[in-house]
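Both complexes shown next keep subunit A, but they swap its partner, so subunit B is in the first and subunit C is in the second.
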Partner chain A sequence: MVNVLTTAVNAVMISALYALVAIGFTLIFGVGGVLNLAHGATLTIGAFTAYYATAALGLGIWTGTLAALVVAGLFSAVLYLGMIRWVQDEPIMVMILTLVTSIAVEQVFVVVFGTQPKAIPSLLPGQLSAAGITVQTNQALTFALSWLLIGALIVAVNYTQTGKAILATSMSAKGAALVGIESDRMYLYTWLLAGALAGVAGVFLGSFRTASYTMGRGPLVLSFSIVVLGGIGSIRGSVLGAYLIGFLEVFVVSYVDSSLSGLASLVVLVVVLLVKPEGLFGRELAEA
Partner chain B sequence: MAAGIDRRRFLRFAGAGVAGTSVAGCMGGSQSSSSKKLQGGPLKIGVLAPEPGNNPIGASIANSAKLAAKQLNDDGGVLGANVEVSVKDTKEDPATGKRKYQELTVGEQVDLTTGVFTSEVQMNLMSSIAQQQTLHMSTGAATPEATRKVAQNYDRFKYYFRVGPVNSHYLGQNMVDFAKANFESMGWKSVAILAEDYKWTEPISKALTGSLSQAGIDVPINKRYAGGTQNFSPIYDQVANAGVDAAYVVMAHTGTSAVVQWHKQKRPFEFGGIHVPMQLPSYYKAVNGACRYAVTQNSATPTSKITKKTVPYANAYQKANGKYPVYTGYITFDAVKMYAEAVKQAKSKEAGKVIPKLENMSYTGTTTSSLEYYGKDHEYPHDVKYGKKYAWPVWLQWRETGGSGSQEVIWPENLASTKYQAPPWIN
Partner chain C sequence: MSEDVTTERSTYRDLLDPTSLALRHKLGLLGLVAIGLLPLGVGPLMALKLTGALYFAVFAMSWDAVSGYTGQISFGHALFFAVGGYSSALLNLGWGVPPAAAILAGTVLAAVAGIVVGVPALRLEGPYLSLITLVAPLILLQIFIVFSDIFGGELGLSSPEALLTFESFETAITANYYLAFGLFVFVLVLLLAVTRSDAGAVFTAIREDEDAVAAAGLNPAKFKIFAFVLSAAVGGLAGAMFVHTPSVGSPQPSQLLVLTVSIEVIIAAVLGGMGTIVGPAVGGLVFYMLRDYLGGLTWTVPVVGVPVSELDLLLFSLVTLALLFFLPGGVVRWAIRNGRRAMRRGEPGADRAVPDGGERVEDLRTPLERTLDSYDEALRDRLNPQEGDRPTPQEDDHER
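On to the complex of A and B.
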C-alpha cells in the first residue's frame, strides 16, 4: 500500500495543473457564456510551441514557455475575432465551430509533428525531498505558478479597471454597455487571457508527460467535470473542483484500480449534473 | 457467398481464361515460354500501414515494401513481371482498416496484402481475408488469435501468414527467456510487471504470470493498467513502494509517457521489457534522452548483424528515406521478398499455388536466417517460428555515445555490443 502522504502530495501537484487548465475554460464561459471546445487544442498549441522552440530552434524552455503563452493567447484571440465573435449568440454554432477547430488543430499537428509523442524539457530539473516525500522541482513550480496565476487573476478581475469591466460584462453585457464598456473588447481580453493560461498549462502538461496531438482531449473532458462540479462560471469553484477531481483521480488509481482513472471524473460529471446541476458554487455572475 | 465463388475470383478465372485462350491463339499453343513468365500483368502488393506519412511504424511498413519492390524490379522483376506497391492508411482504426483492405483487394485487385500494425485492425480483417482468398502476410500485429483462427479452420483462413513479429505468446515467452538468462547478472531479483491493457498484451501477461516466479524471480506487482493512462505517478508510487529492482514493462501506445516520467522522476527502479516506441532508432532525440538506460526487446537494430541481409537492408532504407526503420520495416521487407521467392517457385501468383511454397520454405530474412512457419497441425499454423534457430529477438539498452543516443544490443550474447548498465541514480 502506498503511503497516503505520498499520494496526497501527488494529488495536490496534479490538481494545481488541472486548476490551471480549467480556469481558462470557466473564464470564457463565465464572461462570454460560450463553451469553448477548442480549449484542449489551445493547450496542445502551447505544448508544441514550447517543443518547437526548444527542439527545433534550440531556445531555452523558459523562452519556449513565453512563446507558448504568446502563441496560444494569440490563437485564442484570433479564434474569437475571426470566428466566435460572429456567432457568439448561437451556442450550438459556437460548439460546432470550436469542436471543428479543435479537430483541425489536431490534424495539423499530425501532419507537422507526426503521431509519436514528444518530450518537453522540465522548466526546473531535479527533485525536492522533505519528510520522506520526493517531488519533482518542476511539479512544485507548477503548484507555485498555478497559485500565483490564480491569485493574479483574482486581483486583476477585482481591482483593475479592465478587470472590473470584464466582471461587469460577465454580470450583464447590456448593463456594461450602458456605462460605456465595449463588451466585444472584454470578450477578446477574456479569450486572450484564457488562451495564455491554457498555453502555459500545455507546457507543464507536456513537460510532465509528453506532448502529443491528442493531449488536449483529456484536459478538455476534465475541464468539463471540474467546471460543472465547481459551478459553471465560478473561478473559486473551478479551483476547488480541480482539487476534488485531482484527488479523486490519484486516489482511485492508487487504492482502487488504475483502469478507473478516466472513468471517475466522468461519473462525477454525470452525478453532479443530475443531483446538483448548479455545482458547488452555482453561477455567481449570472445575468439578471 | 453460398457457392463459394465471389465476384473477384470469378473475374480472375474468367480473365485468366480469356487471356489464356488469346495467348494460346497467338502463340500457337506454346507452353514452355509462358510458364517462365508470370501471367496476368504486374505483381500487385497492397500495403496497410498506420499513418505512413508520419508514424515511424507505418512509414517503415510502407517504405520497406517500396524498397523491396524497387530492388526486385531493378533485378528484372518477378518472373518478368513488374512489382507494384499500393499503400493505404489504416489510421490504426479497425473500420478504416477494413475499408482500405476492400479498396486494395476488390478495387485494385492486388495479389498480396501486407502490413497492419494493431491487432484490433488485424482481427477485423480476418473474415475479409478469408472471403477474398488473397494472400495476407502480416508484419506488425502480434495477437495469436489470428493464427488460432487458421488452426480452427485451415481451409478458410489459410491465406493468412504472420511474417513477424513472433506472436504475443512467444513475445511473453521471450521475456521469460531473457529474464532467466540475464536477470541475475543485471541484479533484477524482483520486478513489477506493468502491461498496458490492449489485446496484444493479454497473451504476454498470461505467459509471464507464474513463469517468472517459477524462475525464482519475485513479482509482487503484476498490473494491467488502462490503455489511456497518461499520469504514471500513482502507478510508479506503488512500484517504488513495493521495493522492486525494476519495472518489467509491456508497452506500445502508452510507452513514451511512461519512460519520460520514469526518467524525469528518477524513480528508484530500473526499466525494461517490450517497449515499442523505444525500438525506433531516432527515439533518443524525440524524448530528449529520457530513454537512456532503459531496455527493450526488438526484432533487429540497424547495426546488429543477425544475418548477412540485416545491415545492408537498414543502410539501403536509410539511404532512401534519410532515417533507419523500426521493426515493422525489417519484417515487411522480408515479407515482400519472401513472397516474391514463393511466386518464383510456384511460377504463379495464385494464392492456392503460393501457399504450399511458403509453408515449406526456409527463408533467410533480415531478422532471422531461418524464417519458417508453423505447420497445419500446430497450435499457431502459419505463424513465424520462435526459437534460437528461428525468430529470436534482440534486447537492447539505450546508451549515450558522444552526446547522442545509441541502441546497444545486450542479448543474445553473439550479437551483444555492450553489457547492461544500471541508471546512475540507482544505488
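On to the complex of A and C.
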C-alpha cells in the first residue's frame, strides 16, 4: 500500500515537471497556431546553461537556474524573431525548420560538451518524510514551483492587460488586430514565456536524472501527448493532461514493465488523434 | 511550399525520343550514364559507399513522392525503410525465406504500413498528420526494444543472406552496385512518370489547396492514400534491398529507424529540391557522399578545436536551415533557373528587344547547344533515315 502511495507521489512530482514543459508548448500552438518542435531543444539549452554556470563558472545552482530561464527564454525569442516570424503562415515549414533547429542545437551540445551525461546539482538537497513516504526535497520544490508558475501564468493571462491581449490573439488574430493588438508582439511574448518555462523544466529534469544532448526528445514527445490529450491551446487541459500522462508513465513503468517507458503515452497520443483530435478541453482552431 | 511548379506537358513519344529533350534532361541523362560508369573508375571501397548512397537517394525520392508532392510532410519516413528492411531480414533469418522473396514480402508489408499511416491522412490535416508520422517510428522502435529477443533491440539483427553472392569480393561489390543503380533508375523513372502524370498534378493540387481538389469533384483522400502506399512500397523496397547488401546495410535501428534517419532524408530532399523527384535523387547522393567525406576528415576547426568529422550533421542542419530560408526550392530548381538565364545571357543580342514576341532568326545557340544539336541530327538521321527533312523539334512544337 505504501508502495502504491510512493509511486503516486512520484507520479505527482514528475507530472508537475511535465506540466511546465507542456504549457509552453501549448501556449505557442494555441496563440501562434504553430508546432514548435524545438521545444525539447530549448529544455536542453536550459539544462546545459545551468550545468555550465555551476560546473565551469562555479556559480550557485540558483543563479544557474536563473541563467537557464533567461538563456532559454532568449533562445526561444531569437528563434521566433529570426526565423519563425517570416514563415508562420506555413505550419509545415515551421515544423521542418524547428525540427532541423533542434538537431542543430543537439549537435552543438555534442560538440561542446560531448555525449557523456552531465550531473546538475539539486536545488534543495535532502529528503522530506511524512506519513511513511519519503520525497526528495528537490522534487517537492519542483512541484511547488510548477504550481506557482502555473498559477502566476493563469492570473497573468486572465487579469493583466498583456495577458488578455495574448488570450485575444489566441482566439482570433484578426479580431485582436482590429482592436489594435499587435499580434507579432504577442507571439514574441508567448515564445519568450514558453522558452523560459522550458529552461526551468530543463534544470529540474537535469537534476533529477542527468543532462545529455538528447534529453529534450522524451519531454518533447510527452508534450505532444499531453497537449493533444488536454486539447491544443488549453492551459487547464495541458495541466490535466500532464498529470494523466505522468501517472500513466510512472504506473506503467512501476507495475507493468520498465521497458514500456514512453510507449504508453505514444499510444495515448495516437488514439486521441484518431478518436478525438480536439482533445479534452480543446477547440478547433478558430481560423487559419 | 509555395514554389511554382513546372506544368510542361509532354507526350510519351517526346520522352522516348532523345532528340527532343530539353538541355537539362540531356544533362540528367549524361549524369545517369556517369553514375553508371562510376564503379569502373573508383576503387571497391568507394563503390561500396556509392551503393549506400544510391539506396539513400531512392529513399529520399520515396519521401518526396508523398511529402514534396501532396504536402503531407512525413517526419517518420524511416518507418517504411525499417518495415521493409526488418521484415525482409526477419523472414530470411527466421524462416530461411530466400532473399528475393523476402524482399518482395518486405515491400508488401511496407505498403501495408503505408495504408496504416495513409488512412489517418483522411481524417487529419497538416501538422496533425505530421505528428502521427513523427510518432509512428518512435512506437516501432519501442516495440523493437520491448521484444528485443525477436528484433534485437537497439543493437538490431545480424545481417541476413546477401541477395547476390559471388566467389570474388570485387565482382560482388560491382554487382551490388549495379543492382542498386538499377533500383535507382527504376524508381527514378517510376516516380517521374507518376508525378508527371495526371495523378501527379492532383498531388500538387492537394498540396496547394485540398478544398479546391474536393470542389473539383476529386477525392483527395484517395490520392493521399495512393501517394502514401506508393511511397511506402518504394521506401520499403529500398530498405529491404539495402539490408541484403553485405558491407553496406544491416537491419539495425541506427541505420533504418532512429529519428535522425527520418530527418536526414528530409534534409537531403530539401537540399536537392522538394517536389521535383530529381532534386531528392541528387540531394540524397550528394548528402550521403558529402557526409561520408566530412566524416573522414581529420582537419580540425581552429577556434573550437573540434575535428570536422564530428561536425558533419551540425553543418548539414545549418546549411539546410539556410537553404530552407533563402532557397526554399532547393539546389536543382535553382540550377535550372540560373542555367536558363545564363544561357540566355550568353546569346548575342539577348538584351535586344524583339518585336511582337517573334523569334530571332540568327543562330543564337551556345557552343554547348550546337554540339548537342549536331549530335541530335546525327542521331535523328540514324533513327529515321527516311525522313531526312523532318522539322526541327521547335517547329514540331508549333505544329501540335
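Just so we're on the same page, the second predicted complex is superposed on the first by the 281 of 288 C-alpha atoms of A that agree within 3 Å, B and C clash if a C-alpha of one lies under 4 Å from a C-alpha of the other, contacts with A are read in each partner's own complex, and residues count from 1 in each chain.
Quick note on the criterion: a residue touches a chain if its C-beta (ideal position, glycine included) is under 8 Å from a C-beta of that chain, and two chains touch if they have at least 3 such contacts.
Every value quoted in this text rests on a predicted model; they were computed, and no experiment measured them.
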item	value
Touching partner for A:Ile133 - first (subunit B), second (subunit C), both, neither	neither
First (subunit B), second (subunit C), both or neither touched by A:Val111	both
Touching partner for A:Leu5 - first (subunit B), second (subunit C), both, neither	neither
Which of subunit B and subunit C A:Thr210 touches, first, second, both or neither	first
First (subunit B), second (subunit C), both or neither touched by A:Ala119	first
Contacts of A:Gly262 with subunit B and subunit C, given as first, second, both or neither	both
First (subunit B), second (subunit C), both or neither touched by A:Leu35	second
Subunit C-contacting residues of subunit A that also contact subunit B	110-111, 259-260, 262
In the complex with subunit C, residue positions of subunit A that touch it	34-35, 83, 86, 90-93, 95-97, 99-101, 103-104, 107-108, 110-112, 217, 221, 224, 228, 257, 259-260, 262-263, 266-267, 269-270, 273-274, 277
Interfacial residue positions of subunit A with respect to subunit B in the complex	1-3, 6-7, 10, 14, 55, 110-111, 113-122, 127, 136, 138, 208-210, 212, 215, 218, 249-250, 253-254, 258-262
Touch list for subunit C against partner subunit A, complex	1-2, 71, 73, 75, 120, 123-124, 126-128, 130-132, 134-136, 138-139, 142-143, 145-146, 259-260, 263, 266-267, 270, 304, 306, 310-311, 313-314, 317-318, 320-321, 324-325, 328
Footprint of subunit A on subunit B - complex, ascending	50-51, 53-56, 197, 223-226, 228-231, 233-235, 237-238, 241, 256-257, 260-261, 264-266, 277, 280, 285-288, 290
